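Order as written gives the chain letters A, B, C and D; numbering starts at 1 within each chain.
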């Protein structure tokens, strides 16, 4: 894509700048722009996304600096409880043989670096649990994708390869952080493997044909490829490699949405339309079925026509928005919780000055008033969904950095608060005064604001007074 | 429907006559004709079936004689292991209160008739397990419906009612066997309860409106009503009532077939059509979902149109015959096993003369030859279905008279036999010579015939020779 | 044991005679005496039972006639639903190789006799489900053993062997019914295999040493051997063999009773004796445990002594009778239900004249009066056990002929009836008048008698009047 | 016990001093001595432990300083992921009514201090997960008890009570950290509640009688009471209270050990002693059992005597050391992992200098030699147990600070290493040279030392050289 070195802001500076942006959606756009700079997002999504690999060369080994490093792995091994097989995999790929070498128990530097020295690759499975920067970056990017953003980190010793050729079920952004890696990318092997639903097994070299892209990725470079594109990377003899792969769009296809929509449509059709409840023809088993599939019976066409007619009619009963909400709820459960800036902390329950001091609890009452201005702490952090007659607010703020460690989180919204919540969601990221919430009484407005403040879902425009 | 007494053959004579009919499908038609005589089946299915109640008055208390009787209940209680709660329910409906009075353990005449004397109704839950005639009748009728035919028997003391008003999820044929019963039938209460998917709870008298049909059913009369029609029956002060309700078409609607078809279609579409695997729009969560349902955003229409377009396109991938086979397999599992006539026994494995005699086993080898003529023992007794590359023959002959006591039964058909089996199924009920089976070698023809004979699926035109 | 031919009553005559004996316990003794005639039971139990094999030769092929026959197998295959693998096993033992040949599905004569002709042995797994005589014999004998009496039937073609050498976990009475069989019996291979807890795997000929008994069993002969004695039987070239093996005393050892007693004793000791609740010594882990087992530390002996002292003390808390009741309840669940004689039927609920006749139920009220004489229908048919404060009567009358097809059966006995039930159990098999039952009021006496009559647990001395 | 103010070392100084003690067992003794100072441990365990409450007054509010504080709660709420209901309970006891007020989700200071202000008590359920000091103290003390040492922290607002009177199933050391609390302690209500197996439900004031001890505990004071002693504490109007309760000896009684021993003894007896496998008397059900318990039958005594004789004989088969090992394995699973001192880190795998630096892994090879001196990192950290023929080393080093978050940890010890491991365990806490390990070859000695070093089970006397 580009042959010329590019400059950009350092990641730490960028993240500070981004924190000043009101809209977390806009923030996500800007961070993604930086990721694929200098390719404009619009052309990226039009020409490459889900279509073909893209290589961005920067000749600037510092471009992604601060995102993650081997030094940080060393720190994490020392300070955190990293478990082999859970947080870290030790792998090798030698003579066409892919192996995993995880011992049981905790991964200490002594054992890990010994594996590395002996030519094993290391894969950190969820660096966002250990690195605040990775957590922050992914928690911003997930809003860009509207789909979970995950990451793995790969450290490979010089002259080795850690994994067999294979394809994944996610869109992959390979970010070279240190050293170099020789990559080969191959087209999907057939139409059926274009944008596949599941990852592939390991392939042998003879199964994958010729690469369509062969490149030595250097620190600062980016390689993107869609799900279904086979890939393998190995280190040059003289240089190790560290890269992080950011992934998204796992099970996020139109078909995945239809998996929610279609059964719901059928259930609704059966409830609402007697045509679906009418009995099948008395004798249909005598002319339908595989056993009769080459029979020339006019009733076959008639039966099929009626059946497919009903199937088409299902669209009239398809609860599209409710199905989207099912996807949305899963997404909210998948989401990383937000990383709060100092300012956000100061203006939210996270930073409430409530404290123990001198034998007493202080400042436990937040003075929220009609003129207090509030907004959701992030655009996409919460969503109103109804189940039967009850309205629930699903949200991400109590999620864990560890994938699905917490159950999906939601709470019921009382009828007098529903419009107020909807108003807040629509107004995001604008601040609105509590008094402007469309609730019937000032008491309702205040109680809603207090509830959302206490749950950590809203921040105020200025730090509250407490007593 | 009719006000005039009608004559017909006695049931035992009829069943003997029916046994002479080659085609079990034709046999089923004739038995059903007798059931609803003098209404022609064609007009019954056109005008009443799934539409409205039908009353057939016969002024002939003998019409259904031999089908079942209270004397037979007495015999069954004495001879068979009838368990309260499993095979027999003791119920009452007094002052709007419906109660069940089953004690634990075996139902002996002493306890059962005591309950009856004290005003309780008796419901025999599966008379086909105890009465060979009911078994025979239902096993014939199931082929008329292409759907399981079940039955319950109800004995009600004079001046009492055993059940609260309710509707069922099956087509019901109420056959009055002894005494009289006062019936009231009510329209479905709303469009949603027309041909309902599930049975109703018990209703109070105030919930059901005015009856559309009120009648005193006498022995020999028939009352039909479709699922969804509320009904209640009570005895006149001076006469007990015995009736059997024959039922069918439970979960046998177009929608039930779609329950098989639609998920299979979606799976196929995801495999074969990349349009279904393509990712959802990046920002769809921001304008779709219940929370956004009143937004005026042109993307909503566009999104919905594309989604519903794909949903319509599902019909192109709908494996109609395979879905029918799924229904067919469930039906075969639901089926009663066939009741063999003496002639069928003589010409099938059931009546093979193999025996122990004088300290030895005799006649264990069946002489099946190329000129031996065979056919399926019943038209609909078996069905070829494929799973992946393997073909299975599903069948009913090893089913039990007790509902689902046996697992679904099937066995693999080797490739060299597949065409032969298909040929036999298509030829049914005509006899064909073993030599005419479309297998490659005479050995294959003979081995197939022997296999199906041994499994009890075919009968020969004449009793075989054994040695 | 005996070389001389012996005479005895034919089984059918004997069973009729036995039915006249009041006490079912006495009846059991008499049937067992007949089984091992002419060996006196006392000497059998003293010298052979659980000690060594015993052979009783009778030179009277008719002695066991009527118990079971191959002709009856043929009838059963024809009339009953015999399932391969459930009710019948097809086996062979050729060239040291033991195989099972069960196809799926129902066992019809055609297939079964074909297997037999081809040299396979047949094992009927629960002949008591199909043969009323076997049911009757076993249901009488179980009271002799105080432990479940089971049976298998084995039919072996001439010149073949159906099973590999092995030992069982039950006391075995091999009753030769037809033809001849060559048997070899071997001592247990070691002390550890004397009266073993579990059956052995199949042995090879080289593992079992020399037989201690080698004999050709002929119809009318009996061979007994205790659990742990290895055995194998094969047919002579010219004669088939049919034998039935009656078994008992599976898991009926002192140790099996201790399995009930010891945990209960420990639970009681912990509740009642603070010595058991006191904490272990602070440092016991430093000198006890396998790791310290060869340490010379005086605390080891002291600790062990105290611990074993407490263990001995457990006997003071051992609820012996309650533990026996646990065994008894399992036995009652294992029991076959009683086979009623015509007289027993006439005098019990089984034969109550309650019936349907002429459109009405008749004779549903049993006239039990103070002077009516009743007794348990069998001595050991019921047992009072308490759980907490509630007393239950466990019984066998609702058991099935199929092993454990029914759940254990019991019902609560109200306090006002407890003494009455106990009195009835102790009086058995004597008849006592209802008026003599030790209940407070005549109403209680009558209601208890009615309850037990209705449950089928008691019979009257004379057929009751009904109205 | 004491009325005079006492002085002792500050906890932080003490912990530094303790770290210099070689033997962790000795370290545990010293820390426990400090805990109950000035009462000598010997007299405490002789006179109070499991016997009666003990009060130690110090008039020195600083005595336990540094162990835990409300300020630390505030920090933990701010920095750690404290979940309501999992890590923290909000409770109240008002007008005899005990209530829990946990909302769902994370416990932030704002909500927690608000509850406190409104009069609710806070209970931190596992302070060792959040406080390194508590973790350190408990991990040392557990070796004193040979049983898990747990802790809860309770913060109570002035003038309130958080819990109803009750007793626990553990030995409790109530350490007053801040403020004052009015305690009332009551005798067990009956012999059966002395050293009880389970905790009690909440009692009403009328159920518990008069206190045997009533005292206002002040910061620096200690109150001990055994399991079974009912207790309740409430705050004076003017002062809050913070205390930590250290607990031990849950399910650690002689009876708990018998629960392991007795079933194993019975299993062994059945295997080894034919007396246990012999059949029960034929007729025992007729004279034994609750139903026969007042029968005067000499066989009752004889049966009981034989049965209890066998029960006593079980002691001959009791595998005492194997049963202790079962308890030991459970204890090792319950244990907190050790807290390493800087020196321990330097001399163990925890502090191995292996690291990533300058694009390479450094110092991954530990130079263990014959003269290298090693020892277990703690006395009781590991235990050899055998299962069948295989020997496993169970250990605590990979346990989590969160109770049972990790599975029990062990690994197999090869035969050539077994004696070496046993030698190391016995030598603990003395250092021994690798060359002195009783293995056959120097390679075995070195490989064992390397294995245990890598697993984190041993430390060296001096920091190793690495390359």
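Quick notes on this one:
Criterion: a residue touches a chain if its C-beta (ideal position, glycine included) is under 8 Å from a C-beta of that chain, and two chains touch if they have at least 3 such contacts.
What you see is a predicted model; the values in this text were computed from it and never measured.
Of all chains, the one whose Cα centroid sits at the greatest distance from that of chain D is B.
As for how the two copies chain A and chain B face one another, over half of their interface residue numbers coincide. Distance from the chain A centre to the chain D centre is 42 Å, each centre being the mean of its Cα atoms. Inter-chain centre distance (chain B to chain D, centres taken as mean C-alpha positions): 64 Å.
Mean C-alpha position of chain A lies 50 Å from that of chain B.
Shared contact sites, meaning residues of chain A that touch two or more other chains, are absent. The touch graph of the protein chains shown is a ring with every node of degree two. Those residues of chain D lying in contact with chain A across their complex are 70-71, 73-74, 81, 104-106, 108-114, 116-117, 178-179, 239-240, 349-350, 352, 354-357, 359-366, 398, 400, 409, 411, 454-456.
Interface residues of chain C facing chain D in the complex, by the touch rule stated above, are 25, 45, 49-50, 144-147, 171, 191-192, 194-197, 249, 252-259, 261-263, 265-266, 269-272, 274-280, 282-286, 288-293, 303-304, 306-308, 310-312, 314-315, 318, 320-322, 324-325, 327-328, 331, 380, 383-386, 422, 425.
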